[in-house]
Amino acid sequence: MSTNRVEAFSDGVFAIAITLLVLQINVPESGSGEHLARALISEWPSYAAYATSFFTIGIIWINHHVMIRRLEIVDHSILIWNLVLLMCVGLLPFTTALMAAYLKGSEGEALAAAVYSGSFLVMTLVFAATNHHVLFRKSELLIDEVDDATRHLTVKRGAAGSLPYLLATGLAFVSPYLTFAICAGVAVFYSLPFATASESPTSVAT
Amino acid sequence: MSTNRVEAFSDGVFAIAITLLVLQINVPESGSGEHLARALISEWPSYAAYATSFFTIGIIWINHHVMIRRLEIVDHSILIWNLVLLMCVGLLPFTTALMAAYLKGSEGEALAAAVYSGSFLVMTLVFAATNHHVLFRKSELLIDEVDDATRHLTVKRGAAGSLPYLLATGLAFVSPYLTFAICAGVAVFYSLPFATASESPTSVAT
Amino acid sequence: MSTNRVEAFSDGVFAIAITLLVLQINVPESGSGEHLARALISEWPSYAAYATSFFTIGIIWINHHVMIRRLEIVDHSILIWNLVLLMCVGLLPFTTALMAAYLKGSEGEALAAAVYSGSFLVMTLVFAATNHHVLFRKSELLIDEVDDATRHLTVKRGAAGSLPYLLATGLAFVSPYLTFAICAGVAVFYSLPFATASESPTSVAT
Amino acid sequence: MSTNRVEAFSDGVFAIAITLLVLQINVPESGSGEHLARALISEWPSYAAYATSFFTIGIIWINHHVMIRRLEIVDHSILIWNLVLLMCVGLLPFTTALMAAYLKGSEGEALAAAVYSGSFLVMTLVFAATNHHVLFRKSELLIDEVDDATRHLTVKRGAAGSLPYLLATGLAFVSPYLTFAICAGVAVFYSLPFATASESPTSVAT
């Protein structure tokens, strides 16, 4: 199958998942007696989770294209790996809503935070595994040969990107706010200009 | 009409249907007194149904492209068959939500399971019928001629793919869990590497 | 602006609106004591409205491409007309949900049916107006010149397509079921093979 | 990264956000004793907010393409600016729902209106900043050189487009209806034919 259709379908899933994030921000019930300003302020975890998940999905989308663009065609195994990755991305509106709902409350926020950063952890691990599959086991489908050092570096960097989420998940039971702050920090970090040079596989492969 | 636009539109419907699946996973109500861990665990049918439907839609999407790619252009009749197919795909978020909701409860789970695998049954039958229409009645629109043996084999395999769902639907009133397990098993089966060679029409047609 | 981007954006809106239709089909509440079979059967207006709206949007999507394909480029005025058309399409998940909800109940079904067929009426009128704008006022943007007879015929046929909806809307207060049957009948009619030759503008313009 | 993929992804987010707007229009509860006609009429803020946001997103989509089409390729920084812009667009279904819900009620409507026009204000400012980034700091990525006067004019016009929203946000506590009317008026203004010549950056750059 040509990579164009895989990109189009994947772009669709990324774009929809990223846009569905907004559904977890609730409109405070009108006429409930509660002051709207207070109600909107108390929803800050929803806004913060929206922004964090939005940028995290956006960055994985950028990396996804770097990975797909390396390929001339895709075979069945890559399509299935890609589906597993998209399945993780598709879950994020749920884990984001869970995190936001429980950070507002007074119980369960540790578990909710662990599930939230855990979903990022799994997604980044699946991404690294997919990259590994493409670069090491399906190298005959690549447009340009990629040398061994670059392949190892790319996969290692991808795997390293999951370390902050591992830490964040472990710390959820110490402080869910810390977990959330790490997730947000990762999104900010990869958005910074210097991240391109040091982290994005683009600079390595091309 | 060129196949490009049909692919783009169909890709859109597949991508949206697959991403809407997440909406059936409910965030347990915060502050309801129930322990979040227990609430999340009791939602396992939602996760299992999400994964099963995600992969089933993903695999039908792969097969859809194999079918469309054979065509040079599409005529009105193929567009209408395609719409019927997409209508079945578009229903899956509903049947998935139904299955997940009732597998958690204590009544109606047999019927919910029958509707779930029944929706896959209808989808695969419509897919086989669409393939039959394309290969046998609209062969003048194909890019390359397809010989008779291949055409029969392709349609027969497509129809055979609906047999597990027929079985699963029939067994729903014996055990809804069995029905669900068969649906999940089919999704896993077509994701396995050897499935490409033995089942996907690609290997036959090209 | 090139027509490609307009098609891609419009395809997106059509695909999303058509897939959001499923959200109006409710999963009957589990454990409510009501028998699931009865609950599912009583939801038949939702299924019928889903199928009718799905095909109606699908057919307008086909016609939309016929219209856009005639154009070499689009200008600001065509983009705005297109936005008005998409705004009507985007409303259909609401009017479909309204129709389905009230056809199940015992009051308001006449008004709900009138709003339903009324939304199709407005959509077809806007479509005819957009076609008129393209063919008569922006003919310099067309790829091939279209002769006067064809232009008049195309717009007339488009406008004629709104007549059944005018009738259906008027009859809503006689019988909402009749209104619904007409809307469903129109969708079936344009899906039939002979509809291509007699109704689709394609056969005229090319 | 090629601009094609950025356009496809952005088109997806625009198309989904614009289509999700319909979800804020509620189907009045059937059998609630309230007359449907009255219930539908009392929802007028939902319809008005739907139309206003639909056109506002549609117009920013048009301007977005003008901006992206100027570019040969995009770098990391432009992708991140684009993500910030899309994040603002993705929030609009929420702010639209908020505005519509509170304009119907009797308290909080001033704040809701301020948030509504405030979300347009932020979006237009981000758009102007992105345009500034592209034209002034990334001019080496442009397909054609853009002269200094044009660059300044384009950014100035973009920034000027945010002034009505600044005014509208400030006036929310005087009259939320006025705020809403200004937002609607801006959408109408940019839809008018003469807006192309005087306001759209297209006419300047090409």
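For this structure, a couple of remarks:
Residue numbering begins at 1 within each chain, and the chains themselves are lettered A, B, C and D in the order written.
Definition applied: a contact is a pair of C-beta atoms (placed from the backbone, for glycine too) under 8 Å apart; a residue touches a chain by one contact, two chains touch by 3 or more.
Owing to the predicted nature of the structure, the values given are computational and were not obtained by experimental measurement.
Between chain A and chain D, the superposing rotation on Cα atoms measures out at 90°, rounded to the nearest 5.
Among the other chains, the CA centroid farthest from that of chain D is the one of B. Where chain C touches chain D, under half of the residue numbers in use are shared by the two copies, so each contributes mostly different positions. As a whole-number value, the distance joining the C-alpha centres of chain A and chain B reads 26 Å. Chain B has residues 8, 12, 16, 20, 23 in contact with two or more other chains.
Put simply, chain A touches chain B in their complex at residues 1, 5, 8-9, 12-13, 16-17, 20, 23-24, 75-77, 79-80, 83, 86-87, 90-91, 93-94, 97-98, 101-102, 104-108, 111-112, 115. Residues of chain B that touch chain A in their complex: 7-8, 11-12, 14-16, 18-23, 25, 27, 30-31, 35-37, 40, 50-51, 54-55, 58, 61-62, 65, 191, 193, 195-196, 200.
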